[in-house]
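Here is the structure we will look at.
First chain written, first letter: the chains are A, B and C, and each begins at residue 1.
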Amino acid sequence: MHIPDGYLSPATCAALYTGAAPFWYIALQRVKKALHTRLVPLISLFAAFSFVIMMFNLPLPGGTTGHAVGIGLAAVVLGPWAAMLAVSIAIVIQALFFGDGGITAIGANCFNMAIAGSLVAYVVYRVLAGRSAIGSARRVMASGLAGYAAINVSALLAAIEFGIQPLLYKDAGGAPLYCPYPLSVAIPAMMLGHLTIAGFAELIVSAGVVAFLQRSDPSLLRATAGRGVELGEPVAGSALRPLWASLVALLILTPLGILATGSAWGEWRARDFSDPAMRREIAVSSFHQAVPPRAPEGLARLSQVWTAPFARYAPPFVRSATFGYLLSAMFGAGLILLACLTVGRLLVRKEPAT
Amino acid sequence: MTLFEITDLTYRYDRQTAVEGLSLSVDEGSRVALVGANGSGKSTLLRILDGLYFGQEGAVRYRGQALTEERFADDAFAYGFRRQVGLVFQNPDVQLFNPTVFDEVAFGPLQLRWPKSEVRDRVGETLQRFGIAHLKDRVPHRLSGGEKKRVALASVLVLDPAVLLLDEPTAALDPRSQSQLIDLLVEWGGGAKSVITATHNLGDLGDIADRCVVLDSGRIAAEGAPAEILRDRELLERTNLVHAHRHRHRSGELHSHPHVHSGEAERSD
Amino acid sequence: MSLAGRHRQGGFLERTIEGLCQAMERAMYAEDSAAGGGLLQQLDARVKVAGLFALILATVLATRMWVIAGIFAVAVVLAAASRIPIGILASRAWLGALAFTGAIAVPALFLTPGVPVYRVPGLNWVVTAPGLTTASYLLLRVETAATLALTLVFTTPWMHELKALRVFRVPVVFVVILGMTSRYILLLLETAQEMFESRKSRGVGALDGTDRRRIAAASAGVLLSRTFQLSGDVYLAMQARGFRGEVYLLDEFNMRRLDWAALAGFAALAAAGVWAGR
C-alpha cells in the first residue's frame, strides 16, 4: 500500500524517515563494498522493473485483479540490501517523477515496503528454501511465500502507522487530524485486502517469475542461494509439503471452533464477573466453586492495559462470524510463522554476504 | 606496429563457446572488417578487444601489453586504454542512458576526469561535427534510429580514440543514413587511426575495410582483401553470409544463385 | 494503487496496455511541459524542489482547515501561472486522490465518535461533527499535496530535480541510479507494450484464469530476462566509456535574482502556513 501525503502526521513521517535512514546507509555501503559496479545498472533496471510491475493488473482466482510490488522477486534475485535500494528507488520515482505524491510519506513507504519487506522476503526465502537445488520446486514455493509474507508485513506496518494517528493527533475539537481509523479498524481493513488479494498477487509474481527463471536463466538465482547449492534438476517433492498441507487444512478447519459453546476456562473478561449468565457458566466449569462477586482487582486493572485488535476473534466490521474467525486464524498463523522464521534466521549461523 | 595480438584465444560463457582457439594480428592504421553471420563470434571478439570480456584461455595484447582483468584494476592503465580504444555497440539504446544528448556525449570525458570547462568545449565541438548540435537538449532514446546512431558515435568519438571498434554500425539504418554513416567513418579514419568493424553486411565491405577476416562458429574461416572474399562464393555460402536462392523459370528450369540480404537488424552474438 | 480487486472478464490485456500507455504519456507530458514558458519553469530547480517541498510540509503540519485551504489556493495559482491546464490537474491529481481518499474518508464521517450533525434519511447512519472535520482534513491535505507534487514534476525536467536532490545531500550513487531508472522505465514500458500488443494480435483474448495467470507470470519473466540482458550490456557500455564505480555530473546551476526572490517567497509562505496552522 502506497501511503499518500496527509495520512500520517509529520512526526510519524519524520520518525519513519529516521528509521529508514540507517538502512539506506547500510544498503549503500554494502552495495559499494561488493565492488560489483555491475550492481549499479542492475539495481536501476530492477527498480524500473519493480515500478512497471506495480502497474500490471494481475488476474487472480475468482476473477479479481490485484497489484504486486515485486519485493519478493527483488529479494530473491538481488539479496536484501540491493533489493532495499531497488524498491526504495521505485517508490521515490513514483512520488517524484510520476508525480503520484506521497513525498512526505517516502520514508514510511520505504520503511514498510522496501526495508521491512525486503528483509522479511529474504529471511523467509532463505529459511524455506534451505539447501534445495536452484531448480527445485521448493524454491518456487519459497519465493512465493516470501513475497506473500513481505507484502503482509508491509501492510501490517502501514496499518499500525495508520492506527496510531487518531490516538495521538487530534485537533482542538477532538477530531483526528490525519488518518481517522484506530488500530481496531485499520489493521483488519488493511490486512483483509493484503492477506487475500494483494498477497496473492505478489505470490504469483514471485513464484511465477522464479519458476520461469529456473528454466531460462538459473544463474540469476545463484546469488541468494547460499553456499554449496548445486544448479541441479528440480527435486521431486519436498519434505515440508506435508507440513504446509496440514497447516492449510488446519486454517480451513478453524471455524469449527465457533461450534464450541461457551468460553474456554480462564479466558474471561473483567465484565463477565458482573454478568449473571456468565457467572453461572464460570461456576459450572469450575466444579461449582464460589465465584467472586466482582472481577478481582488485578484482573480489572490489567484488563485496561491492552485491547486486542481482534476482540473475540471477530474484527468489528466483518459480519460473518465464520469469515472473521478464518481471517483471525490466517492472521494469527501468519504472525506466528513470521516470528518462528525470524528466530530461526537469527539462530542459523550467518553466512558471508554474496 | 602491431596494435592487437591475439593468441589461441578461447572464450566460453554459459556452456557455450563463443570464440575458440583464435589467433589474429592487427596492425596500427589498418581498417579491418570482421565478417560473419550471427553467432559467429564477432561481437564477442570486439568486446574482448575492448577489454570488457576476458578469455579463459589464450592471450590478448594491446601494443604489447596483456589485457587481463588484473591490469584493468589499475586506474592509470584503465583510463589510458579507455581513452585510446572506443567501442560503439550495435544497439544504441544500450549506450544511451543519459537524460540529454549533451549529457550523453559528456559522459565519457567526465568519467575520464577531464576538467569541466574542457568537457563543455569538446562536447560542443563534437556535436557540431556530427551535425547533432540541434539535438543537444533532447532525450536520446526518443530520437530516430539514425540520430541515435550518430549520438552513440559522437559519445565515443568525443574522446578522440586511436582505435575505433564498431559492432554492426549500419544495422537498422535506412539506406541514406547508412551511406551518411559510412561517409562519416571514412572521413574520421585515415592516418594513425585504426578501425575494426564487425558486420554481416557485405555491401559495405569495400568502403570500410582493407582487410577482411571471416569468422565462423568462433574460428577464422578465411582472411584476405574484400574483393577476394566477395568473389569466393563457396566460402560465403559455407559461412552463412549468403544463401542459395532457388526459383523456377517459366521454362521450367530450376535456377539457383547466391542471394544476399542487405543489412537487417538482428540481435547478433 | 488499489487495494480492492476488480471483477472484469477478458479486459486484462486491454487494461494493462491502457495503463501502460497512460503511464508513458504521463512521463512524456511532464518532460514536455517542463520546457514550457510558465512561471515556475523559469526558476532554478533547487528553489522549486525546496520551495514546493516546504509547502507540502506546511500542509501536513497545519492543524487548521483554513490554512490548508489557503495553501491549496496558492498551489492552484502557481499551477495556473505555470500554464498547467486545469483539466490536466483535475484528471491527474484531483480525481485520483478524490476517488481513493474519498473512499477511505467516507466511513470516517460515520465512525468518528462525537456530536451528531446529520442523519442519513432511511439508513441509521449519523454524520458527526468530528467525522466531518476529519474527513475534510484528510481530503484537503491529500489534494493540496497532490497538486503541489504534480506542479513540481510538470515544471522541472527530471534530471534537474535529481541534481537539486544533491543539494539535500543525497548520495551520488543514489542520484545516478535514480536517473538511469527513469530512463529504463520508459524503455521497459515500451517493451512491455510491444509484448502485449503482439500477444493481443495473436488472438489470446478469451482465456481462463489459469492461462491468464500463466501468461502474466511468463510475461513478467520475459520482461525480466530482457531486463537482465540490457543491464549486462549497459554495464559494458558504461565501462567502455570509462565508468569505474564513481559518478561525475556536469553541474549547471546558477541562482539569479528571480531565484532568490522566489526562494524568499516560498519560505515566507511556508513559514506563514506553519505558524498560522499551529
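Heads up, the rule we're going with is that a residue touches a chain if its C-beta (ideal position, glycine included) is under 8 Å from a C-beta of that chain, and two chains touch if they have at least 3 such contacts.
Only a predicted model underlies this, so the values are computations on that prediction, with no experimental measurement involved.
Visitor: Taking every chain's C-alpha mean, which one sits closest to the mean of all protein C-alpha atoms?
Guide: C
Visitor: Can you check which chain pair, B-C or A-C, has more C-beta pairs in contact?
Guide: So, comparing the two chain pairs, more contacts are at A-C.
Visitor: Measuring from the mean C-alpha position of chain A to the mean C-alpha position of chain B, what distance in angstrom results?
Guide: Taking the mean C-alpha position of each chain, the two centres sit 50 Å apart.
Visitor: Quick one: chain B and chain C, Cα centre-to-centre, how many Å?
Guide: Their C-alpha centroids are separated by 41 Å.
Visitor: With centres defined as the mean C-alpha position, give me the chain A-chain C separation in Å.
Guide: Chain centroid spacing, chain A to chain C, equals 25 Å.
Visitor: Would you please write down the residue numbers of chain B that are in contact with two or more other chains?
Guide: 97
Visitor: Could you tell me which residues belong to chain C and also touch two or more other chains?
Guide: Within chain C, residues 158, 180, 182, 184, 187, 230, 234, 238-239, 243-244 contact more than one other chain.
Visitor: What are the residue numbers in chain A that touch two or more other chains?
Guide: Within chain A, residues 41 contact more than one other chain.
Visitor: Any idea which chain A residues touch chain C in the complex?
Guide: Contacts found on chain A: 1-2, 4-7, 9-10, 13, 28, 31-32, 35, 37-38, 40-49, 51-67, 73, 85, 89-90, 92-93, 95-104, 171-181, 185, 190, 193-194, 197-198, 204-205, 207-209, 211-213, 216-217, 220.
Visitor: Quick one: which bits of chain C touch chain A in the complex? Just the residue numbers, please.
Guide: 1-9, 12, 15-16, 19-20, 23, 26-27, 30, 53, 56-57, 59-61, 63-64, 92-93, 97, 100-101, 105, 107-108, 111-112, 114, 129-131, 133-135, 137-138, 140-142, 144-146, 149-150, 152-154, 158, 161, 171, 173-174, 176-178, 180-182, 184-185, 187-189, 192, 209, 212-214, 216-218, 220-225, 227-228, 230-232, 234-235, 238-239, 243-245
Visitor: Please name which positions on chain C make contact with chain B in the complex.
Guide: For this pair, the touching residues of chain C are 31, 35, 157-159, 179-180, 182-184, 186-187, 230, 233-234, 236-244, 248-250.
Visitor: Tell me, which parts of chain B touch chain C in their complex?
Guide: Per the touch definition, chain B meets chain C at residues 47, 50, 52, 75, 78-79, 82-83, 86-87, 89, 91, 93-95, 97-100, 103, 106-108, 110-113, 116, 119-120, 137, 139, 141, 155-156, 159.
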